[in-house]
Structure formats: structure tokens, C-alpha cells
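I have a structure I would like to understand better, so I am pasting it below and will then ask my questions one at a time.
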Amino acid sequence: MKETPSQSGDTGSSFLEEVIQATPGDPRLEMCIQCGTCAGSCPSGADMDHTPRAIFAMIRADMREEVFQSNTPWFCISCYYCTVRCPQEVHITDLMYTLKSMALRKGYARNTAWADFSKTFNEYVFNYGKAFELGLATRFTMRHASLRDIPGLAQMGMGMMARQRMSLIPQKINGLESLQKVLTRAEEIEEESR
Amino acid sequence: MAAESETKQPQERIGVYVCHCGSNIAGTVDVAEVARWAGEELKDDGVVVSRDYKFMCSSLGQEMIQKDIVEQGLTRVVVAACSPHLHEATFRNACARAGMNPYLCELVSIREQCSWVHTDKAKATEKSKAILAGGVLRVARDTPLEPMRVPIHPDVLVVGGGVTGIQAALELANGGKHVYLVEKDSTLGGHMAQLDKTFPTLDCSACILTPRMVSAGNHPNITLLTWSEVTGVSGYVGNFTITIRKKARFVREDLCNGCGVCTEKCPKKVVDDGFEAGLGYRKAVYTAFPQAVPKYPVIDVENCTYFIKGTCKACEKFCPTGAIDFNQEDEILTVPVGNIILATGYQTFDARRIPQYGYGRLANVFTSMEFERLSNAAGPTGGKVTLRDGKTTPKTVGIIHCVGSRDKKYNEYCSAICCMQSLKFAHVVKERTGAQVYEFYIDMRTPGKSYDEFYLRNLEEGVLFVRGRVAEVTDVARLPGEEGKLIIQAEDSLIGKQRRIPVDMVILSTGLEPRDDAKEVAKLFGISCSADGWYIERHVKLEPISTMTEGVFIAGCVVGPKDIPASVAQGSAVAARVYQYIQQGEISLEPYRATINAEECSGCRICNDLCPFNAISYHEEEQVSEVNPALCQGCGTCVSACPAGAITGWGFSDEQILAQIEGLMAVRS
Amino acid sequence: MSDPLDGKTFEPVIIGFTCNWCSYRAADMAGMARMKYPPNIRLVRVMCSGRLDPTFIFKAFASGADGVMVTGCHPGDCHYIEQNYKLMRRFILMQRTLEQMGIEPGRLKLTWASAAEGAKFSEEVTNMVEEVRRLGPLNWPSAETMDEWMAKEPSIETEERP
Amino acid sequence: MRKYLFYPGCSLERNASAYYDSVMALREPLGIEFEEIEDWNCCGATEYTSLHRLGSFALQGRNLALAAKQVAGGNNVLAAPCSACYLNLSKAEHYLRGDEHLAAQVNEALATGGLSYRPGTIDVRHMLDILLNDIGLEEIRAKVVKPLTGLRVAAYYGCFVIRPDYEHRFSSPEYPTVLEDLLEVLGAEVVEYPAKAHCCSGHMPSISAPSAYELIRRLIAMAVEKKAHTIVTLCPMCQLNLDAYQADMNRFFGTKYRMPILYFTQLIGLAFGKAPEELGFGKELVDARPALKKIGVKMVHPAEETGGTAPAAPKPRKKEEGLPMPKMPAKHQNEEVS
């Protein structure tokens, strides 16, 4: 099984251990040498309030509060540059995902545009089995986009529709019921295993 | 329990000694219990004394054993401690000093193979008992052996004409020993000859190296074979036969006076990927550099117009001594030597493997070796530090550490010299151009005499240090001031912010790695490589220049990345070791050999084909096979293959091994 | 010797044969690096894996081993040039023989480990211990059957002829 | 006739229908047959994955399980044209194969839906991978009837296909050249495009528009600087961001870029002599007609657009002289635009 700090004689930070355990595969977080390649490679690194490297240091220092409040994982665009460049092959992108779900579960980042976008998207996935751009766009934009943006976005939306690139009604998959059962059970298992 | 082995030996008096090794063993194994158990449970197997002691290898520990041998009349000794590769000799010598045949002493490992790899004390203790029992049953079947003495041929082979090889060769030659110095390049000097300055003293590399090259070149005790490669190795320590291929130079060394007219007149100019690291040009007939040793040029067949088109011969026309010989052929030499020193060095990491640093794509990204040539007074720009255009002086320079090192995708180890070489580059750039210099590092590693002082000196000179591994080098301008520049993007991890630093020139401090042919060479000489590809020392700390193969030694960067002082030190060390062997005149080898009992040999000749050393010959008249002990290396393959069981493998006989297995299985919860 | 299965989980005992130059050093390396592996293996050192006599393996099983692990230098890296190839040929025959005697192939394993591969060594040991644990205790055929096979053993060697 | 299981994904049904059309148009000339997965569900894009660890594996698990049902005659290759779908599906396959415990958990969840999946059953592959490695450049070259001569294209990979590339199917996560090879086979003139593997800003337009606009600007600006007539992509998200948000980006920075964003399959279709309409042309927001003109392809555009022109790009760098450049093994990497 994956090596946890207590076994590897690392700092023994229980937070570090939790993050590793909550990530699929072996994320190798305990191997981070703090070189900063991830932070240097990150396209949105400039917008993060802590660089990924700093976040990892904070995890080792058990700074839960600061980590969960940080926008860092939410600004991860999943470009995987950090993951492929990391000299220690730490699964950085996967770890950012872990931090997002942990933060939400612990009641952080609620009602932020970042989290809400994902959640809105996921609700459509859960309720229809498919993504629904228009609904996503409208529901989400209405709630978060600044007035200045809306005309532009609306215009874009119209353009999309003019080219039949947006459907007006969401489609449902036939096996929706079974899908929902599956997803619900998955969440339960996740909880139990925690 | 008692051994029910068919070949029960006459009762021996066996002494058992269990080592604590401080807490190394005692921490995980109940050593007192193991000793107690052996004393009681192994009585019937001949154990008459069983003790445990804090450090068996200490003089007190050894004396304890010797005392028992004398006073208790022990005929066999088993020590349960560390790996035989560490202390077998120690304890066998101790026994010998007490008048016992050393080969009647067995060392079984309960440290490397038990206490260090297990955590459950009860189980580790049980396993230790089993290991010990195996040793006791085995030792009872040991037979007294005499080490084999073989004469040492006084000549030495040194492979590799870099600074390490030169050092080793000179030490031996000055001591009056004859050395064959084989270098596959056309000149001595290796990488050091390419360098401009050497850290931290900044003395000119060539100035300190070339005198050594010259003395090696014309030393009466050194047979210098450049442009040559070892193609065959046979024999064993003290007695190797080396086959060397002396490649055709197409220039007769007996006639050439090194005037250089041929090079001057040669019309063919090619990029010099060798000495000039691809940054300069050379002719098709060339000497690597002016101070090359020997001075004789070589003709590069791939590029020589005559060899391609069959015409030209300009060199031949103008050579004043008629030394050009287009019909020259490779020469094959065979020489006898007693010892072999491998100093074949390293190669630099190919920066093209990291595309995000842009080497090969972005003109003004240079490798460390390119910069050495660029800054070298004898280099393509005469020491002028310029951009790839050969004219423009850079105003800002970024130096990137750890290129190809400390990275799981390339080389995981630290290349040891990069921090210091980078600091050297920074100093040289500032000195020659006054440019602003940025150093991008992960950790600053300066562990050497006046190394850290040199780091401070760079700080003093105004070099700017950014702690962060560079993410990418790009020519994609994004912000004002970036146009036409190379932008180095990295996190400045000390302020936790992403930075984009526009520079004119980037120097990649490329790491060191084993040569592409390292594995083949290792195989040729019968030694082994680590996972990284560096050659493995007999003992990392105590035998840094010996290998597992008697008579084959390693020194310099072939063992792992090193700076010049360390390489030179190893060159001298390895010479001292070899000198010692030569002075002894002969060397004693473990008597692990096979012999065939003529009475039992059926003459089936199965063993004959099995021996890779041709040590087994067949006597037509007697119709039996016989082993030549001088050639036998003791692998024992023939022993286990003999259908008649007529072959004995001394030191590892069937009886010994079967008994050991029985012992190992005797303890089980 | 007590019954291996008196209540507690079955702890197999495995005899490991190592060559002096590569795999024994791999074991040393594992030790120096303090890599942990189960204590169920007990090692015998021979100079070369080519020294491995089928008798040793039969002896190990006969003395109660639940598994046998044969290790040596990687093919091509043999300290004695090519002797581990000789072992390979022999190994296949030994495996076949054991199968004919009704011994699961999983109980006899061949692995290569260079002097540098301590990690690989401990990994291989861990895996084998688990596999043999799954297989359970070895029920070895009667001593007679074994003697028969021991008697037949030389015929294996005739295969050595190139 | 090559048969593939087919996972279109939500995007291809709507915002990337041009991609869908062009992929379908290639079936006949290349002799490919697609069998769509019955009642597949959304792959979760980056959103589900990033909030629900097990949930996302279950989400992919359902798709993989359904696909497994349709495996017939040893044909277990699942073609996924959308890069995000491709990554999510192959990532799930990768992790499920490597982690028995995870696989067990996922199957426990799937069971509630009457499904199960044995890791290793399905081989998920991206359209580009299939065209390059199954069909091969030679076969494609043979089908080219209308070379794209004169069309300057910037080959843009985005992230998900080449990173992290769990099965190591693509040459390099940093500077691949396979798409360039393909486009050259079609007769197009490939420009050096150092931003080829940079990020299109993913879901950023919704989360932090300014950050997104900056990333989009870089990609467009670089293509303009290299005098490309179009950026060629293999991912619906890349196409959407660069195409649909280009106007907002221009508004944000006061720029006037008009860079058409096309799918590589659309260009293949053109080279095979297919009509633009058949290949979903006209669905792009930034008019592609100026680009099509370069290769003499005419098309009536559904929605009316006023086509501005790209600002003059800075002078391309000259060939270097002086000290020799290092020798490079691969093509493209060493070429200079002149």
C-alpha cells in the first residue's frame, strides 16, 4: 500500500497523511523536495495566493486552516504541466483535486464562484447524466458574472445557439436512475472509508 | 536436534560467537537467547562454547575467540554477525592467529539479512537461530584449505587518459612500474582539457593539466596508446592478457613531427562535436587541440574528401616528412598485465532531453561544456563570451542548476559539480562581460575546500540567486521588456512567487552521467554497474577504488560524479593499491576451486563444455577430465553438473551446502 | 518441529539461494538500506547460481521448506560470464520435475538481482512469501518417492549438452 | 474495415458538433466503423473528478462497464475524440488497473446499478492516436486529393492528450511533433508554434475570466505572430475557449484578433476532398472563411460576421549565423520561420 509519513519517518504530519490517503494511487507527496518546478510551470500560478509548492510545505506544517482557505487548488486548470515536470513525480494535479474535495467537505470554499461552478456542473451530471452548457452558463453566470461581463457572454451564447452549438433543453440519459444509485453508493463508500 | 546427514563428520569442537553489533543486531534480535540456545540445542552438533558479545570484530572480541581456540581446543568457529563481505577475513585471520586453519571459520549474517530487514523481535530471533544452526552444521563439514598464491605480473593497464588515468599512470611509472595507458580518443586530457578555469581557485585548466599530459606522453615507463581501445580481456588477477586495437591514424607516428601543415592545408572543415563540444570547427585531418599529446594528427575517415571521393590528398602533398599513409590499417596488440585500472570517466547529460529548456531550439541556450569552450581563450571565440551569433555580448545571463540531475525522469543523483561549475560560470561571465547574472538553484551545495567561500565571493560580485528549479525557458514574449529575449520562468520559492526573468543567454549546468558504453566496458572487464550505471566499489567507504573482481580497479568519475581534486586523489589511491600488489610479487586467492576425482570420473565430458574459462581438459589416454586450478574461477557449475558426483567444489561442497540447508530448516515455530 | 498451522496464520519458510556476486550483495544492500521484508526467508550463499545442484532444492523441500527461491546475476551480467544461463536451462527442468511430483510451480521461483537491486530483492521476497502463504504448507511426497526422483536426477544433466 | 467502440461525450453532441461531423465524415474514406456506447453518461470533465474521488471513478466506471458489454471479437478499443473524455476514461482505466482496492470499491458502487467492470477490459484511445498509429500517415497521405497547400497552420495540442499520457502513447508531454507530421502530410504549411502544448485556460473563463483571457490571448497572439491562418486543435474545450471567448478576450484587451480555430479532423476532411459543410465548417464563431480562401475553398457562412484582419505580426527571426547550432535529432524543433 502507499507509504505514509509515519512509516517513512517523515514529519509525521497527520494532515500530510490524510491528504495522501485521500488521493488515488500513490501521489508521492512525501517526496516533494520543494524545488518549485510546479509553481514555475503553473499557467495560473500568478493568481494563486499560495504556490503549489508552498501549499505542500503548509500541508507538512499541518496548516489546515490556511490550506483550505487558499484559492490555490481552485485555480488549478488541470494542465498537468506540474505533474509531468515534477522531478519527484509527485501527482500534483491529483493532489489539487484532493484538496478541493477536502475543503468542501470541511465546509470551506462554499458559495465561491470557483466551487460553485464545479458544483453546478456536477448537479447537471447527477440530474441528467450529461452536461448542459446553457443551463450551466445561465445559472452560473447569473449568480456570479459581473454585469460588465454579461452582455459579452450573452452575445457569445447567442452566437453559439445560432450555430446549434448549444441545446435549449438538457438531455437525460435512459439509465439515469441506475447512474444516480451508482454515484450515491460511491459517495457512501467514500464516507465509510473515511 | 542433531544432523542426520549421510556424511556425518567425526565430532568437532565448535565455538559459537553471537555479535550485538551495538544495537544494530541486539536491537532486533535477542542475541543472549540465540547464544544460550546454540549452547544447549546445538550440543550434539559439536558446539562446546557459545557466547554473545557487544562487538565481536573489536580486538577484545577477536581475542575472546582466539583464547577459546587455545584453551577450549576449538576445531571450528562460527561467528553470527554481519555480512561475510565485511568481516569474513577479519575472523578467519583471528582464527589463523590462534593456529586454526582459517577456512574452518564461518561468518553467518544476522545483521544485513536479519536484524536490519526485520522488525518482529521474536521472529528475527528465531531466524537468527536458524541461520546460526545452518552455519554450525556447515562448519562441521568444512575442510582445511590453503589460499592459492599466484604471481603478479608487474605491468599495469590503465584505461582512460583523463586526469584520473594520467595521475594513476604517472604515480606507477614514477615508482618504476611499466604502464600501458590506453585512451580511445586521439589525445590525452579527457574532459579536463576542455575546461577553461577550474573552481574555486580559477587557475587555468590547461595550464595545470598539459604538463602532466606531456610527462605521461614521454615517460620511459609509460606505453601511451591513444586512438586505441581494449577489445579483449582474459586471464585473472596477476595474470591478465589484454587485446588492444590501435586504430589507424593514417598518419605515421614514426615520421610525423607534428608541424600541422596537413591540418592547415586540409580543405574540409567540419563542426567539432568532440573537443569543441559542437561549438567550433576542425579540419578532416586534425589534432584535437594545440597541446594535444601525442602531437600526431588523425584523419577523420567519415569527413575526409579522399576517403569519400578518392581525390584530394592535400595533406599528403604538403606533408614535409611524408607521414600521411592512407593505407594504414588498425593494429592489434596483446599485452600481459597483472592489474587493471579503469578511469574511463563520464559523459555530460544531453540537454536536448529536456525540451522545455529549449536547448537546440533556442539559439542562445548553451550547455556547460559549450560555455567552457566559449569562455576558453583557445576556444572558437578566443575567450570572448558572446551569443550564438559570435558577436553580441550578453547583458543578462541566466544559469540553471541541476539540468538532468536530481530528477526521477533523468538521473536521480546529484551530479556533485554543478553548483560549483555554475558559480564559476557566473564569475567568469561577470568578469568578462559585466553582465547581470542570475543563478537558479534548488539547493546550493558547496562541500569542498574553500568552495563555500567561492559562493560568498559570487554574492559579493553581485550575482543574483533565485531559489527555484526553472520550469521553462521560452522566447514567447508576454510582458513588456520580454521581446527578443529568452524568458526564464521559475518560482522564486523564497518569496513564493512565480517570476519571469528575461535574459540574453542561458547556460544549462548539465549533470554528469555514465558513458553510453559503460555497461559494455564493465562486462568486458567483469565488473558490475549500479542502477545508475556507475561502477560499483567493493565497499562504498572502505574500498572505494577496488571492485569485486580481483585485479580490476576503478577511479575517478567512472565510480560516480567527482570534481578534479577527488578524481586526482583516487588516481593516486588506486596507484598505491596496485603498487602494493606488485610489490608483494604474488597474491593469495580464495582457494575456492574444483577438482575432479579421477577414480569417480566417468569421462562423460559434460563438464568440459560447461566451463567458460576452459579450465577443464580431457585426457584421452586416461579417459578422464581434469581441472586446471590456475584457470578455474570456482563458480562450481561443473560440480553440480557432474552426473557421477566426481567433482568437489572446495569451500562450497555438496556436504557443506546440504548440511547448511538442514540447519536452516531445523528451527521453526 | 511443531505443526506449522497450530491456530495462527501459516508462516512459510523459504530457502533462498544467492550467488556471491550479485544477489547476495543485493540482500546486503537491502540490509544496509534497512528495507523491510518478511523474516520467512533463509539464505544460502553459493559462489554462482550455476553451482545450484537440483539436490539442494529437493533437500530444502525434504527438510520442510515450503518454497525455494533461486537468485543470481542478471543474464549477461554473470561474474563467471555465462553460468547463470546454465542455471536457467537447469531450472526449467527442475521446475518440470517438481511439477511431476505434484509440487505447485509457485513454490520454486527464479529471480535475478544485481548487486545494486536491494529494493528488487526485498520486493521479490515479499511477493514470494505472500504467494507461498496462499499456497499453504507443502505436503511433500513420501521419502521413497523423493529417493526415486533423487535417483533420476542425473538424467536432468544430460540435457546440459549443447 | 476497422471497428471501434465510440464515446462522443457531451461536447461533441453540441458545442463541438463540428468535431463530430468531421470525425464521422472520415469513416468512409478511411474505412472506419464506430459503434457508439449505449446510453453513455458525461465523463465529468474536470469538475466531477476534482470534487468526487470515488464518484468520478464510478462515473467513468459506468461508461467503461457499458463499453465492456459491447466488446465483440476482441475489439476493445474505445475511441474518444474529446480530450477531456479521453483523459478521464483512460485515467480511470489506469488507476483501476493499478489499485485492486479502488477497483473493488468502484465495482461495489456499480453493482447498485447492476453493472460491473474488470479493469483492463477496455483500451481507451484518442482520435489522434488512432489516426496516427492505427491508420498511419502513409494511408492518410494516399487519401489526400486536395492538398492544403498555402494554408499556414499552428498545430495546437492543449493538455489532456499529451499530459499526463498515462499509457505513453505520445512522443513528448512538452514539445510533441506528431500533429505537425500529420498536417504536413495534408500539404499544409506548419508554422513553429512554441505555445503548442500550453493551456487553453480550461474552465477558467467561468471561474476567473481575466486569468482565462490572458491565457487565451497568449495562444492567439503567438499564432498571429507566426503568421498562421488558423489554429488547429484536437479538443472541444480548447476550441470553445479559443473560438467562443476570442471576442471577449479582444474586448478585454482591446485587441482585434480574428484567429479561426479548427479541428484537425476538419482539415483532414478538406484534404480528402470533402465539402466544408459536411465537415461542420461554419459552426465556428470566428469566421474560418479567410483561412479557407487560402486553399480556394468557398463556403456560405450561416451567421453573418464582419471579418477584420489580424494586426501585422513582428518580423520573424532570421536564420542564426556565427557559432554552429547543436544538432537536433527530431524535425520541427530546429526550424526557424523565415
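Should a chain be cited, it is by its letter among A, B, C and D, assigned in written order, with residues numbered from 1 in that chain.
One rule holds for everything that comes next: a contact is a pair of C-beta atoms (placed from the backbone, for glycine too) under 8 Å apart; a residue touches a chain by one contact, two chains touch by 3 or more.
Source: prediction; values computed, not measured.
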Task: Could you tell me between which two chains the number of C-beta pairs in contact is largest?
output: A-D
- request: Just give me the whole-number Å value for how far the CA centre of chain B lies from that of chain D.
  value: 48
Message: Taking the mean of the C-alpha atoms as each chain's centre, how many Å separate chain A from chain D?
response: 22
Statement: The distance between the C-alpha centres of chain C and chain D, rounded to whole Å, is 52
- prompt: Any idea how many Å lie between the Cα centroids of chain B and chain C?
  reply: 31
- request: Among the residues of chain A, pick out those that touch two or more other chains and give their numbers.
  value: 81
Query: What positions in chain D touch 2 or more of the other chains?
result: 174
Message: Show the residues in chain C shared as contacts by 2 or more other chains, in ascending order.
response: none
Task: Could you list each pair of chains that touch one another?
output: A-B, A-D, B-C, B-D
Statement: Given the complex, residues on chain C that touch chain B span 1-2, 4, 11, 13, 15, 21-22, 24-25, 27-28, 30-32, 34-39, 42-48, 50-56, 59-60, 63-65, 73, 76-77, 79-83, 86-87, 90, 114-117, 122, 154, 157-158, 160-162
Task: Please give the residue numbers of chain A that touch chain D in the complex, ascending.
output: 22-25, 43-44, 47, 73-81, 83-84, 93, 96-98, 100-101, 104, 113-114, 117-119, 121-122, 124-125, 129-131, 133, 136, 140-141, 145, 149, 152-153, 155-156, 159-160, 162-167, 171, 173-175, 178-179, 181-187, 189-190, 193
- line: The residues of chain B that touch chain D in their complex are 271, 273, 278-281, 352, 354-356, 359-361, 363, 367, 370, 374, 380-381, 386-391, 474-476, 478, 483
Field: chain D - residues contacting chain A, complex
entry: 10-11, 13-17, 39-42, 44-55, 57-59, 61-62, 95, 98-99, 102, 105-106, 108-115, 159-160, 163-165, 173-174, 198-199, 201-204, 206-209, 211, 215, 244-245, 247-248, 251, 282-285, 302-303
Statement: Residue positions on chain B within touch of chain C in the complex are 83-85, 109, 111-114, 116-120, 123-124, 126-127, 130-131, 134, 523, 526, 528-531, 536, 548-549, 592, 606, 609-610, 612-613, 633-637, 639-643, 649, 651-652, 654, 657-658, 660-662, 664-666, 668-669
